[in-house]
Every structure is written in C-alpha cells, then in structure tokens.
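One chain, subunit A, appears in both complexes that follow, with subunit B as partner in the first and subunit C in the second.
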Partner chain A sequence: MKTTNRKRTPWGQSLKALLLPTLMAGSLTAAEYPTAEVNTTGLAVTDDTVTVGQLHSITGTMAISETGSVEAERLAIEQINAMGGVLGRQIKIVQEDGASDWPTFAEKSKKLIIQDKVACVFGCWTSASRKAVLPIFEKENNMLYYPTFYEGLEASKNVVYTGQEATQQIIWGLDWAYENLGARTFYLIGSDYIWPRTSNKIARNHIERYLAKKDPKCKVVGEEYYPLGHTNFRSLINKVKLKKPDLIYSIVVGGSNVAWYKQLKAAGITSKKYNLLTISTTEDELLGIGGENAEGFYACMKYFQSQENPNNQAFVAAFKEKWGADSVIGDVTQAAYLGPWIWKAAVEKAGSFDIDKIHAAHPDIELPEAPEGYVRVHESNQHLWSRAKIGKIMTDGQFEVIAISEDLIEPDPFPEGYQ
Partner chain B sequence: MNTLSNHTDSSFGKLLYERLFKNKEGVIAFILLAVVLLLVFPLCLNTFRLNLTGKYLCYAFVAIGLVMCWGNAGILSLGQGMFFGAGGYCMAMFLKLEASDPESTAIQSTPGIPDFMDWNQVTELPWFWFPFKSFPLTIALIFILPAVLAFLLSVFYFKGRVTGVVFAILTQSMVACLWYFIVGNQGFFGGINGITDLRTLNGWDIRTESAQKTLYYVCSILLLFCILVSRYVLSTRLGRVLLAQRDKEMRVRFSGYNLTLFRIFIFCFAAVLSAIGGAMFTLQVGFMSPNLVGIQPSIDMVIFTAVGGRESLLGAVYGALAVNAAKTAFSEAYPTLWMFLYGATFIIIVLYLPKGLAGLYDDHIKKWIFKLKPKSDSGTTPPSEDLEKEVPYAK
Partner chain C sequence: MGGYTAQEIYSIVVMQSFSGVSLLCIYVLMGLGLYIIFGQMGVINMAHAEFLVLGSYTMCLFSKFITESVPALENIYVFLAIPLSFGIAFGVGYLVEWFLISRLYKRPLDTLLATWGLSLIMQQCFRTFIGAREMSADLPEWLLGSWSVNDSIDIPISGLILLVLTIFLTGGLVLYTTKTRMGLRMRATTQNRQMTGALGINTKMTDRVSFGIACGISGIAGAFFTTMASTSPSAGTNYIVDSFLVLVVGGLGSLFGLFISGAFLALLSSILEFFMTGSIAKVWLYLVIFVVLMKFTKGLFSDKVRS
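Right after this comes the complex of A and B.
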C-alpha cells in the first residue's frame, strides 16, 4: 500500500517511466506463476490479466451510498495495477449495476460469476443485496468482498466482510458512553429492518446484562422503530423529552437522517443538553444532514476521514485527486478500499487465484498500513479485527476523533449471550 | 354454453380451433412462439441466459393477464405486482420451510424455523405458515390466494362502478399497502430482505443446471397453456361482453348485463395468471423479494404489456421478452448509462408505436408480407370483414 504516498505531479510522465521497471518486474513474476498453476478452476485469468467483478448500485436509491465504495475499490485496483498487479497480472474490472434492486443483484452476480468467470467480486452494500447474492456465491463457489457494517449472524466461507459486524460497533461504544458520558439510561431508535433491530437487540442485552451489573441504574427507557424513508419524528422527539435519557442511541438510516437531525435541533435537543451516539451516520450522510444540525453528537465507527495518520492522509489525498476535492470518505468507503488489498494479499499468500486456496489463505492476513490503522483478517470467520473509534460531529461535516479502542476488537458474528 | 351445443354436430375440433386460433394466421403465430420458446432459445442460449429468459417469461404471465383485463376489458391495473408477489411468496414460503429443517438450522436459537424469523425473535412458526408445509396445498393457494385477494379488492369498487383512472390509482395504493405489510412484518415475511436461500423443491435441487433447464421448459409450456386458456376466454360470449363493455359500457348495461361479475371475473383471472408467473419466478430465481411487489415493478409490468401491444396475447409475451432483454443488454454494456437508453426506448415506442410491437406487426409487417404473396387466403381480407369474422355469434 506504499504507493498511496505517490502524488501525481506534472512529473507524471517520468513517474510512469520510473514505474516501468516495476511493471517489467511484474511481468517477470507472472512468468513465475504460470496460468495453468494459479488458476485450476477456469477463472478469467490470462498470462497478463485477471478479471474481477464489481457489483454495486450505480442507479436507484442506493446509488448515493454505494458510489463511494465503487470509487474506493477502483482507486485500490488502480494502485495495485500501478504496483505491478496481482501475481504479475493487471486487474481488469467488469462492472455491473445492481440498480438498488435485489433480484437484479442476483442476476448480475450470476452473470459475473458464470458468464465472465471473474476471479472475485467486490460489491453489495445493503444486507438485502448480500442475502440475495449469497446463495449464488456459495453454489458457484466464488468470493465476495463486502464492505458495509452489518448485523452479523452470518459467516459464509464465500464472503469476506471488510466492514464491522454489529458487536464490533456497539459494545465498545456503549462502554465508552457509560464511562465517559455517564450514560445510565438509554433510548434506542432505529429504522425498521434487520440491521437496526439486530443491533439494538445486542445493545439492549449489553445494557441490561453487562452494564447493569456495574451500575443497577442502567436501563433501556425506550426502543422504537420507524420505516425506511420515514421523515416525521416529532412524536418520538416528545417521548424522548419526556424520558430524558442520558444517551439517545440512534440507528436511523439513509434519507431519514436528514429529517431526524433537523427535527431534533428544532425541538431543542442539541448536544448541549443531550448525548446522542449513532452507528449509522458517516461523513456521507452528514453531507445531506449538514454538520451544523448534528454538531456535538457522537458516532462510533472504525474509520473517520479526519484520522491523523500518514497512511490515511495519503489515502484521502489520492482519493480526492482521483474523484474530486469535494468527495468525502465515510466508514464504508474505507472498508471497500480494503477489499482489493485483502484479495491481493490472499492471492499472493496462496500463490493462486483458486477460490478454495484464497479462502484457506485469508486467516491472519494483515494490512498494517490501512487508512483506519492496523487490521487483520480473523482466524476463522473472514471478518476483520479492527479498532473502534468515537468521533464527535463538527460543523463542517467532519468528525473529531476523540477516542480509539486500545485493543483490536474481535469480530464475533454469532455473539453468545447477545442473541 | 348455447354456442357450444349449437356446434356439437359440426366438428368439435374445428370449433376449438376457431376459438383458440381464429384462423391460420393465429396458428402460425402460436406455433412460431412455441418454436422460439421450446427450440430456438434452448438451442441458442447457455443455461445462464436460458434461466434469465425463464425469468423474463415469468413477467410474460403478468403481461398476458394485463392484456386480458386492460387490453380486452378496459380495466387498467397498476397493482399486478401484488398478485405476482402473492404467488411468489406462496412458493417461497413452501421452499423456505423445506430449506429450514432442524439440522440445517441447528445454529439458530430456535432450530427448524426460517432463519429470518429467528433473527427477529420469532420463536415458533406462525399459524399461517402451516399450510405451506404441504406441496399440494401450496399449489392450491397459489391459485386461490390471489383470486380471493383480487375478489375482495375489486368487488366493492366494481359494485360501486369505480373504473378507469380511479381504479388504477386504487390498485396502486393497494400494492403499496402490501409492500409496507411485507416489509413491516419482517419476522413473518422476511422484511426488505425477502425470503432468500431457497434450495430444493420436494428434495429436488432447483439450483442445478439441469433443474434450471427443466424449470424453463415447465415455465414455457405453462405460458403457452395460459395463452390458449386466455384465447378461449376471449372467444366465449364472456370475452365478447368484456370487449363490448370496454368500448360502450352503457350500451352493455342497458342490454341487461350485470357488468360487476364480468369485471370481477377478468380481474381475478388476470390475478391468477400473475400469481403463476410469481411462483415460477421464485422457482427460477431462487428467492422472493418485496421489491417485486412494489409500485415500480407493477408499472414495469404495464410497460411490458404496452410495448408488446395491449390487445395482443402473443405481443405481450414478446413485449416482456424484448423489454427485459433490452434492460439486461443495456445495463451490461453501459452500467452507468443504461437507464437513459432504457428510458429512451420507451419514449420512442410511445411516440412511434402507440400500439406496441403487435401494432407494428399489424400495421406494417403484415401488409408487407401480403404484398409479397397477394393470394394468401387468411390475410387478404380487409379489416371490416376481419371484424365480422371475429364476432360470428353476435349476429
């Protein structure tokens, strides 16, 4: 990932010339790995190229969220190609549009795997789209690199989950709020579908079973769900005012966020009087909400654009250079960026593109220089060990990172005691 | 029934022939479709594409239903996704129960129930899932449920003589209701994820290549059968009354017909056709999603019909195939731009082919064919005679 430091300058041409020997070296390694050996299952691998699939919604309601992931994956693949590719082979992308429609996702994943015989797929965003394609990946035995934080309860050998599963985002964040914000009473709010419901179930269990042991005052004072796209939160806000929770725990998703934060502000629920912790609002959503409407509230993620480390700064610079200075990078975008790098590492470790061999190579793959910091693939479940972070929303729509978990948090998609 | 008995002395076969195909041209067109579906596609397409074609054919069921109730009876329904979904969900519930045996769901807190129920803290199978443990009952429900649904939804409106645009909007609101119902009850119907990961039908793995081929043939033959049934319905007096009330409602009413029953019948008929398509969809795609129940797919289905020609049963099939094939081809070739191309196609069709593909055939290609062979016996008849031929019993 060192090439992330490379800046494109007027000297770009000479830089290319400098890179040429690297490319030559790349083709040498391709000779070291003859196609017949690295590809025994008929994937689209030639002597100098390897074809991968990219399957996100470019049209429809989800396009606004998924575009960041598309861009991040393309950036990563471009950087890998500039370094000489994977096993000396340049990566070619076949892009398909899931069109925010789950049956279309299923159709396109079949097309990528069966027709194009791609070596792996970077794609999907919503749980629904992942659930739609999962049986196809398992039946045809291909590999999906899935970037979104999600509800867990799944660990397919054909999916690498580069985002966090629910417990990684929730437990440490609640502990942090308990200690640093003095949160004892919690109001849980979510959009009505599987991810918020499962997440709140875990949150409730943690509050009632674990935090309550430390302080018996800990309890959930309310739990409510609203349909996706809901925009009228006034009755909910009245209830919140009545209960006066120490912490509003929000998993409101997508466009609803805009109405939710604006109405909170209008009703006088600001960070001066209330604490709000969310696991569903990233820089991307803040573009729509406006930082001033949510200023001072907290989010628990594994990545913030404002993280101060050289790798992240290089990543942000490269991203902005390729996709425009106005682009923002949310948690999922960064997770999507990790996908191609993990795949590259796995292929090189296995010395093969075969899905089974990549699967066997995944455990313990490390990315020490990921923008979010060190991450490692779990020993058995193809999720990532990562650190959780708390960010405080600033008026410019960015987060100020105020806490980082000391240890890497283990991904535990089937958490015992939380089901 | 009168007409039937009148003709028993003449050959019954000939009568059936006239009813189902009208004339030689009808036979040729039908055989052509059968050859395309049963020979050309399976020979030319690989299993993946064939499976896709099978998926398009599922929409053709809905399109035929719309030809019946919109094209031939003047009842525009913008809510066919509701019935497509009803059929699809019935089949999906059966397949899901089969896929959720206690061994393969041992990891759950309550083994033996579908996975999404377990995620939503449902601890036992809801009562309305029990019928779907039986395959015959499921098949029966695929027919009965949409028919009952369509009956209940339409009876009051048709009794109150609500038709036209108002009815179309009402169907749209109903389909939106059903969408919210499914998405809101995720513990019972899988919510926005739908019912996924369906594997076997009575122990037969529906995901294998051979199974997908077989299902394609089943789907095609069912479709051809449904076309014949629809043809038959249109050729009866019932069909004629429907056609008459489409064009001159008051005249038919004053002739003493109770239109409510006719309309309810054709609406239910279209609903059942859609449901068959939905059930075949679930089998071929391997899951069912609320996305197919919403407003947008329902309107898409009307578009397929309009593109094919709303009065032509065969046209509707070609319409569904053409629109979906175009959608796939555009989106594969230009993943970022395909929506524009897709939309442009519709605009061109509406502007230049208001009667759809069938209109293109009737108005242009047909003339051209008959110019080539002027002595052909079936087609040279001018339109006016054709009309008389169509309604021989009206005299």
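Right after this comes the complex of A and C.
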C-alpha cells in the first residue's frame, strides 16, 4: 500500500490558521465574480445566492442513521454562510426526503438537478441509494458529496466520496491487530449484503495473502453472514467459542448490532477473554447497544468524537450547541460535515460553480484541520486521503483513541488482487 | 469434529442445547399473545409485534426513570417493570379492541388491513414521541453476565431468567384458561359467540379482556427481549414473521402445539445454524417448514374438535 508523508500537519494548531485564509476568501465580494462568468451552465446561482440540494432519508428505517449527516451538513453550510458564503454568495438549501426507498432517491435527485438546478447535492447514505442516483448525476452532470464509508469498486467523476472506501478501513486495522493484539486466527462475521461481504473479502485476502506471509499461522477460521435484522446469534457465538479465534472481525449492522453485543456478553465473550474489532459500530450504534455491553472491544474508523484536537473540540461544541447536548457524532456524521467544505474549496479554487471546473479543481484540495485531522482529496479518484484510527469502546458509549495510522492512507477503490 | 477434545465438544453441546432452549422460550413468548388473539379469537393481528415493542419501550423508559430518580431500586427494578409493561400493553390492547377490533369480527380480511394500519400508526408514534434512535435499557449488571459453570461452559443469566419467565407465563395462561371463570368465558365465547351471549355472558367485555391480556403478555415478552435485542420503532418487523410461523406450524388452536412447534423450530435452527452459516441455515429452515406445512396443512396439532 502506498502512503505519503507529504504536507503532514500536526494537530493542535490554532483554529485561526484554518479560518484565516477562508475568512479572506469569504470576504471576496460577489461583484468580483460576475454571475455570468461563474455559472455558464445554468445552475441556480444568482448575484447573491447559490442553491444546493440535500438528499437524505428523513423518514423510514434509514432515518436513524441519516439524521446525523443531515445535521452535520446543515451545520457546515451555516458556518460557511456566516463566513460570507461561497464566492460572496449565501448558500440556500433545498432539502428532499429519500424516504429510505431507492427509487424515491432517484426521483428526488432528478427533481433537485433538473427542476431546482442545484449547484451540487449533499446526500445519500446506503450504497443502494447511491447506485440509484448515480446514473442521473452522470447523465445530467452534477456533483454528489457522499459521506458514508462503503465497499469501494466505484469512482465516478460526479461523486466525491468523503468517507473511507473499504481498503482504507480494513487493511491498516488488520495490520494493527496483527501487531498489537497478536491476532493470528480470524473469525469474519457480517450482515448479509454487499458492504460486509465485499469488506470481508478484502479482509480474507489480506489475511491469507499478506499476513500469512509474515506468519504462516495466520488464517481465517470462519466466515459467516446473517440476514439484516437477525436477533439470535447464540449458535454463532457457540461456534466462535469452539474455534477460539484471536480476533472476531465484526461487520454486523443496524438493529442486529444490539442483539449481537448483548448476547456476546451474556455468553461470556467479553474483552477480558476475547478481542473483537469492528468497522461498523460507531458512537451512534453504541447508543442503542449500551457501552457497558461492548466495553473494551475495538473499532477501526477515521473519526471518533473523543479525538482531542482543538478543531474537533470546536466542531463537537458547535454541533451540540446547534443540535442538542445529547447529540453523538459518529464517523459518517463527521464525513458529511466535510462535504460542504470541500465543495466550497473547490468552487473557490476553480473560481466557478460549473461542474466540470469543480471536478477539475478537486484533486489535492486540502482541509488541513478537519475534525478528524488533515485530509486531502485524491489526485484522481475523488476519495480522501485520511488517517485510520483505532478506538477502544468505553462504558459511556464513547471511544478512547488508542492508535492513529502514522501516514495518510491512500484511497484505493479498485484494489488489485482483492476482487 | 477433528482436533477438538472431548471436553470441548461436551461443553459446546451443553451450551448449544441451552441456546436451543432459550430459542424455544423466545418462540413461545412471541407466540403466546398471538395464540389467544389469532388462535382463540380468530383475529389476524398484524400489530402483534408492536405490542412486543411497546413492552420493550416501557422497560427502556422505566429504566431511565429509575436510574435518574430512584437509583436505590436499580438492581431490582426489572421485577417492577414486568407488571408495568403488562399493565400498559393491557391498557392499549383493551382500548384497541374496544375501538377497532370489536367492529371487525365478522370481516376477517378487513381486520388484516386494519391491524396492519395499526402497526404502522404505532411505529410512527414510537418514532415521533419517543425518538427514531435505538434505545437500550440500563440493565443491572447481574442480569447481563454469564454463569461460568467451568472454564469452557458459560450459561447466560438472562437465558435462565427467560426460562423461568416462560414457564411461569405459560403455566399462568394454562391455569387462566382452564381454571378461572374469565378463562372459561373466553373459551366459550370463541367457540360459540351467540350461544355464550344467550347464556348471559357479556361477550363484548370478555373479548376486550382477552385481547388486553394477550397484548399484556406480549408486553412482558417485549420487556424481557430488551435484555438481548434492540428497541427501535421498527424492531417489531424482526418478530412478526417468527411469531406467526411458530403459531401456524403448531396448529392455531393449541397451546401444546405452540410448545411443540417452538421446540421443533428451535431444535432445527440450532442444529442448522451450527453446521451451516447463518443465511443458508435460514433458507433450509424455511424449506423444512414449507414441507411440514404441505404435509400438515393445519399445523402439527390442529384442534380436532372444531367442525
């Protein structure tokens, strides 16, 4: 895997360093950027406003997960407006509800792009919804900022992926478990749909082809999938106890998560005797699971709410002020927060709202002090270079960050030999 | 099972058997309320699972209240939560029967639609008034752990309590339907409404109480399910299929059948899940059920008395 040390910015620089250049850019007036010049393709841009779309599920089963993203994007847009907007224009939002239904997502994205002529869209959450809107974004040539970590195998010029693709989350995490937990035998577990299956394929490949070279004892001792919503994991847990893996690698999602952790604990599988690493459990899920039921297990993400850097602390404070003191912020919520900032940076770099021009401007855009730490848009695939982190679950449902990848990890949505 | 010692295999057999028994209890608890409503009263209640969820929410909210206001009771509030969830689910069920179901006894297909609508309304109420996020009850530590019999055998405490609760509830229900006046009235009403009415029994009141009791039992089951699964507005969708399945396989009108079919399904899925992976085991489980229902179209133990 390629990594880079380029432009590494230490955390802890003052917020000013981030805000100063942006404030200066914000002070540019719209008059310096006449509408006729910055908008040659008929987007909804006037002399003092620009309209963007927001497309998440507000109702239905996905509403639980997507609400955090909606809130984060709104917060970012509000902050950008307070700084003077984008090219001197205030951002207006047209929000549509995908209603947890993929054809509805497609229909609403058409409405946003064709009827409202939005300058870009922040939205989608599940891969299924992204796949449903993708042909429309490509045909109508608009830009989607997509926040969720996902299985990869995609790189559209009309999508900016602000979450991790699968290899960014999996490979470094497995290496970490190999080094630090002495993991040699692995039990892979997932919910039965594309993301867990693809992710475990990548994990298995890494264990069998790379880790096994370092130590021939490395092997996968089990790989299993359970339907979404499954609530009885007792048989699986007994199998895990029989095989005694060094590491339980878990990609269980949604409501099943709660049943999974509670039953693990009830069967005596706790962090005292077993190691478990997950890439699907964030602060959001822990609300339902209860930290005490998963205490001491590990998660590999690129963001944890408890990260101690001034920008994250400012972000968490602003988020709680706007959306309530009880709010929790998971990995995806932070990734959603990055979307509007990346778009703003691209528009200002291009000096234009035109989709082709911001596409050309995306490579190498940096957010030096994003809440998660420094990130940069990839040279070619519109994913983010970012650092992976390992968090240890605490009883209060937060994570203690115990490891951070030294280098930025390159997004590699089409990994060789992993398919 | 090459490579494992006799001790390991023995431990796994013990734990897997206990898992099977726990699953049997879950099936029975899911089915009990439905046995009264569907099996006895003949109402296809699509909102059955929402009463389970109502019990779960009662448990969660009550635990929140206890930890915030009366922390002294933290360790034992579970025992108070059980009658409370019964009471709340009973009350809601009583009202639902009064205002909705009682008007539909002669129109079984409309009941299907009406109760499905009711389930959507209840889900949306949970979402609007309690919140869309998943909730978790703060359960006392002693309930969550396991009892380590020896190094390799861990028996979940919640599983043991589940077993006791199931025996208690089923026993109670058997006594209720066979030994009490209300229970006899319920059975008489479901067998012949007109005749029972002619004998001077208030059949409407009987229906209301029966429906309420069924919902209350589901509420208790739901309260207990918080110890092992999630509570969210749409959690009911995880229960509804299994509830109907266990009842239909057992034969609608028989409590004994419910037990046997629960045991049959639990045994089957424990064995299948152990030797196959999760999703495939589910496919085989449904295939076997399909074949069983082809052979016994009225379930394993259908009520032979009815004409």
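In this text, the second predicted complex is superposed on the first by the 391 of 419 C-alpha atoms of A that agree within 3 Å, B and C clash if a C-alpha of one lies under 4 Å from a C-alpha of the other, contacts with A are read in each partner's own complex, and residues count from 1 in each chain.
The rule we apply is simple: a residue touches a chain if its C-beta (ideal position, glycine included) is under 8 Å from a C-beta of that chain, and two chains touch if they have at least 3 such contacts.
All of these numbers come straight from a predicted model, not from anything done at the bench.
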Does the superposition put A:265 against subunit B (first), subunit C (second), both, or neither?
second
Answer with first, second, both or neither: which of subunit B and subunit C does A:134 touch in the superposed model?
first
Which superposed partner A:192 touches (first subunit B, second subunit C, both, neither)
both
Contacts of A:287 with subunit B and subunit C, given as first, second, both or neither
second
Go through the superposed model and pick first if A:96 touches only subunit B, second if only subunit C, both, or neither.
first
Which of subunit B and subunit C A:110 touches, first, second, both or neither
first
For A:46, select first, second, both or neither according to whether it touches subunit B, subunit C, the two together, or no partner.
neither
Does subunit B (first) or subunit C (second) touch A:224, or do both, or does neither?
second
Doubly contacted residues of subunit A, that is, touched by subunit B and again by subunit C
192, 227
Subunit B contact footprint on subunit A (complex, rising order)
58-59, 95-97, 99, 101-103, 106-108, 110-111, 114-115, 126-128, 131-132, 134-136, 139, 151, 153, 192-194, 197-198, 201, 227-228, 414, 419
Within the complex, which stretch of subunit A touches subunit C?
61, 63-64, 67, 192, 223-227, 229-232, 234-239, 241-242, 255-259, 262-263, 265-268, 284-285, 287-290, 292-293
In their shared complex, at which residues does subunit C touch subunit A?
4, 8, 11-12, 15-16, 19, 22-23, 26, 127, 132-136, 138, 141, 144-146, 148, 152, 154, 156-159, 227-232, 234-235, 237-238, 269-270, 273-274, 277-279, 281-282
In their shared complex, at which residues does subunit B touch subunit A?
46-48, 51-52, 55, 107, 109, 116, 119-121, 180, 183-184, 186, 191-194, 196-199, 207, 285-287, 289, 291-292, 328, 331-332, 335-336, 338-339
